[in-house]
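As written, the chains take the letters A, B and C, and residue 1 is the first residue of each chain.
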């Protein structure tokens, strides 16, 4: 089929870290002009593989061939010189420099070897931005002032400012709105038609269907399938290869008894924050899961954080068991039995340098201490019981929390609140960064906690998740609840219509 | 804000008093000058022409520097014809330059400057001289004689020399005698000069060998720490010279803590606590070499004479000298009573 | 399945190591690599000292001297370690020591004798810590700025109190504590205070909720807040703790030097930060040990001692100190990355 050698050919790549074999003999072929998708659960080895490709990690064994010739990618600069550019998920831009300065960072156009020609840098940046469909971004603006989507565009412009032949994109659509995603796909199309290869990493199968040519699936550091046709391989097969099992019952069944009969545990009355969301009423009963559906910017996370006391409301009250909480006090909320699993787990919930035990026990320290003195055996025992109840893996709470996968880190956060004896659980994007197989398990955990009498308030940007998991759904648009209904009376289509259509009043 | 206004008020008040004194001086004292022995006018205690003296010194964070300020102030108070404009002390070169420029702008008659750093303040000294304000340079010398009319200061080399000679004479006849030195802040030139003088004096005594030297920082804390180490390093020695009586408080503490009394100690500068210990004569400290803070009082005298265009008594010249180097006298049990009033805390 | 594969656990939940490992080896295995590398550096220094000055260095009196000289800055470093672990910094420690020591040695204070001096030193230290803490925790000031301001004003106030004069202590019961007669079983009282502060510091950091909260605030302040920790109150307590350590250190310094002077505690802030850093405390917070910091202090004090015994001058000492900081951090990074 291929008369020429592939643009990139990695074979038998292994890479070990202390205690972990991250890559175990991975092969990857990429042809010029194709979109090669890389799929795999968190911890499957995707990140390590692209870091090897970017020259940031050196493989222990294995060979890399570039246009048929064996090469060693000693450093990111070496990879860049060959024409390999990487756009990381966590954008590596300098916030206090301008767009043009970021794009040309490290290879500024200069006069006499050291005087930066700002004007030249700005005009070439403007050309790149135009090519990327965003001529409205001013090359002179500071990157820190741009939206996440625009920052991504700048990151891409930086990659294209080099003479690239292969671009690695690590979950580029994660921070983007639907129309931004369309623009991204157009750019990918332009690149491939110009003969540039794209290695595309995403959790979203439908994206892979739309733009992918071939798929390589990674699992546990091995390539379980290489070069499958992206458009025709059945979804179920792909998921099965990633998770190693069939995913038929992704969502747990709802209980048959009607929870709406009970007295509300969490009540929100007229809660509002200027400029973020308008006065809101809602109630959650024990055993009930209430979902908030809405797009980015609809005020979902802000609502959750205000209920939790992390933001101070401009009006309204939060009541637990009929008693009003002191507004704007996290401690009051926690004391009343609220627990939050925030959207940004690493930044907002986890102590990354600490063990699972300490992450789990941090909100319940008074339970294992007398006069401030911690009974560490009791602490470990309780942490183990809580993590076992959620089947957290590995089954050793002494390991550092940073070594866990995304799903297990989320379980550590849930175990924290379980141990605290929390009665109202606020979940903000509970499956972000969690792979498909682990999601089902998390859904089951959440449902079980509700069955045990917890009131759960769920926020998610993935409509199927809200519909599948919640009992009742509130649809949000621009900080306002536009519709409330039992989940079984709604479908994805209807919710998307509600979320996107212009409000009748305007 | 109230602080600011009250402070401004205070300044106004001072200025008004100064102006008043000036008037009084002009009207009443012109004719009281008495001819000196050589028929030239020499400055004496009798009121003369009113003189405003600007005084700028470093921050008084050390006993000796504090004594400098006290000496200057009390000397100025003694003369009804002298108004002292004293600035807040500063160790920051830029701040001190600013203060001196303010004094120049106020058109004081004479400036007395003890620079935080002599070399760095040379320019502002030149500026004052060009503006017609004579400068008395106190102790830390400017880079060029053009920047001052008169320099008066201590003799760091002589201090070391006299300390060395005193110890040399005391250990005369003792074969294989050993001495150690506890120096001051090593990054100051004066410390190097003191050490040089000490070493040069010891060359006259072939029976004495300097076996160790550590530098402290003119503070009690560093004196204690460094002395404790020196005592541990040298299980036996005959004499110790400590550059500075302030750090000497710490050094004596370390000596006491180590329970050592088998040597003779000579201090430096002339602190009251050192004089008292010498007088008591129950410890190792037997003498101290002066670096007299009274030089500030002398500087006021010189400035007053300069402002009144007189020479100084006991000298034949019409003018005050261009430089005065003070003698670093050795104070021991025999003459300590005489120096006791000059001892600083 | 994994549950069956995991080894049995004892009651404390620790996985017993294979075979009956002797307690000593078990201890070494648990001690972290950084601590071991610091012990290695200290051992190397002791060898150097022993070779260059066998009689003077390997001597009980010298051991007493090194520990005594390290005890004042050591107590300050314990407090500083807590502050740095919590993601903060306290630049005012040296100035607080100066202010507390001069306030405690004024003529008026000395009239109240031993208790008056001790009480004043501790209260001044805690008071300055309180101001730092309130400014940082509730005034939302950056620790660097707030404690820099405290540095300037405490030094200024100390100068104002002393007027540049050395305040000699005349209370015999205070002075006696610095003399050899006060040694108990050969241990100087100041060293005992240092040891007690170290042990309490270790216990508080590793065994109490206060220690946990400090680490949590330093590791991720936002996560700590959302986990229900009162981050601001914790910060207040941390600067209070640092101030308390400064007050105790000031009293120790008064005993050691027999005086109070406004120049006391000169550059303690840098020495304490340096000792904590070479002890493995992360300047960005979230990680650090009392053991490491104390070893850092002992390493510095031992170097000073060896240099003084060998009659090397302060220029060489300063260069060596800088080199040691760089070397210790490099060695630690290396040992940490290879394991």
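Definition applied: a contact is a pair of C-beta atoms (placed from the backbone, for glycine too) under 8 Å apart; a residue touches a chain by one contact, two chains touch by 3 or more.
As the structure is a prediction and not an experimental result, all values here were calculated from the model.
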item: Chain-level touch network, classified as line, ring, star, complete or other; value: line
item: Pair sharing more residue contacts (C-beta pairs) when B-C is set against A-C; value: B-C
item: Averaged-CA centre spacing for the pair subunit B and subunit A, given as whole angstrom; value: 71
item: Averaged-CA centre spacing for the pair subunit C and subunit A, given as whole angstrom; value: 42
item: For subunit A, residues that touch 2 or more chains besides their own; value: none
item: Residues on subunit A engaged by subunit C in the complex (per definition of touch); value: 18, 308, 310, 330-331, 334-335, 340, 342, 347-354, 358, 362-363, 365-366, 369, 372-374, 376-377, 380-381, 384, 393-396, 398, 416, 420
item: Complex contacts: residues of subunit B adjacent to subunit C; value: 59-63, 65-66, 186, 211-215, 217-226, 228-230, 232-233, 235, 246, 249-250, 253, 256-259, 271, 273, 344-345
item: Footprint of subunit A on subunit C - complex, ascending; value: 2-3, 6, 11-13, 15, 207-210, 212-213, 215-216, 219-220, 222-230, 286-287, 339
item: For the subunit C and subunit B complex, residues of the former touching the latter; value: 53, 55-56, 59, 61-62, 65, 68-69, 159, 163-166, 168, 178-180, 253, 256-259, 261-266, 304-305, 308-311, 313-315
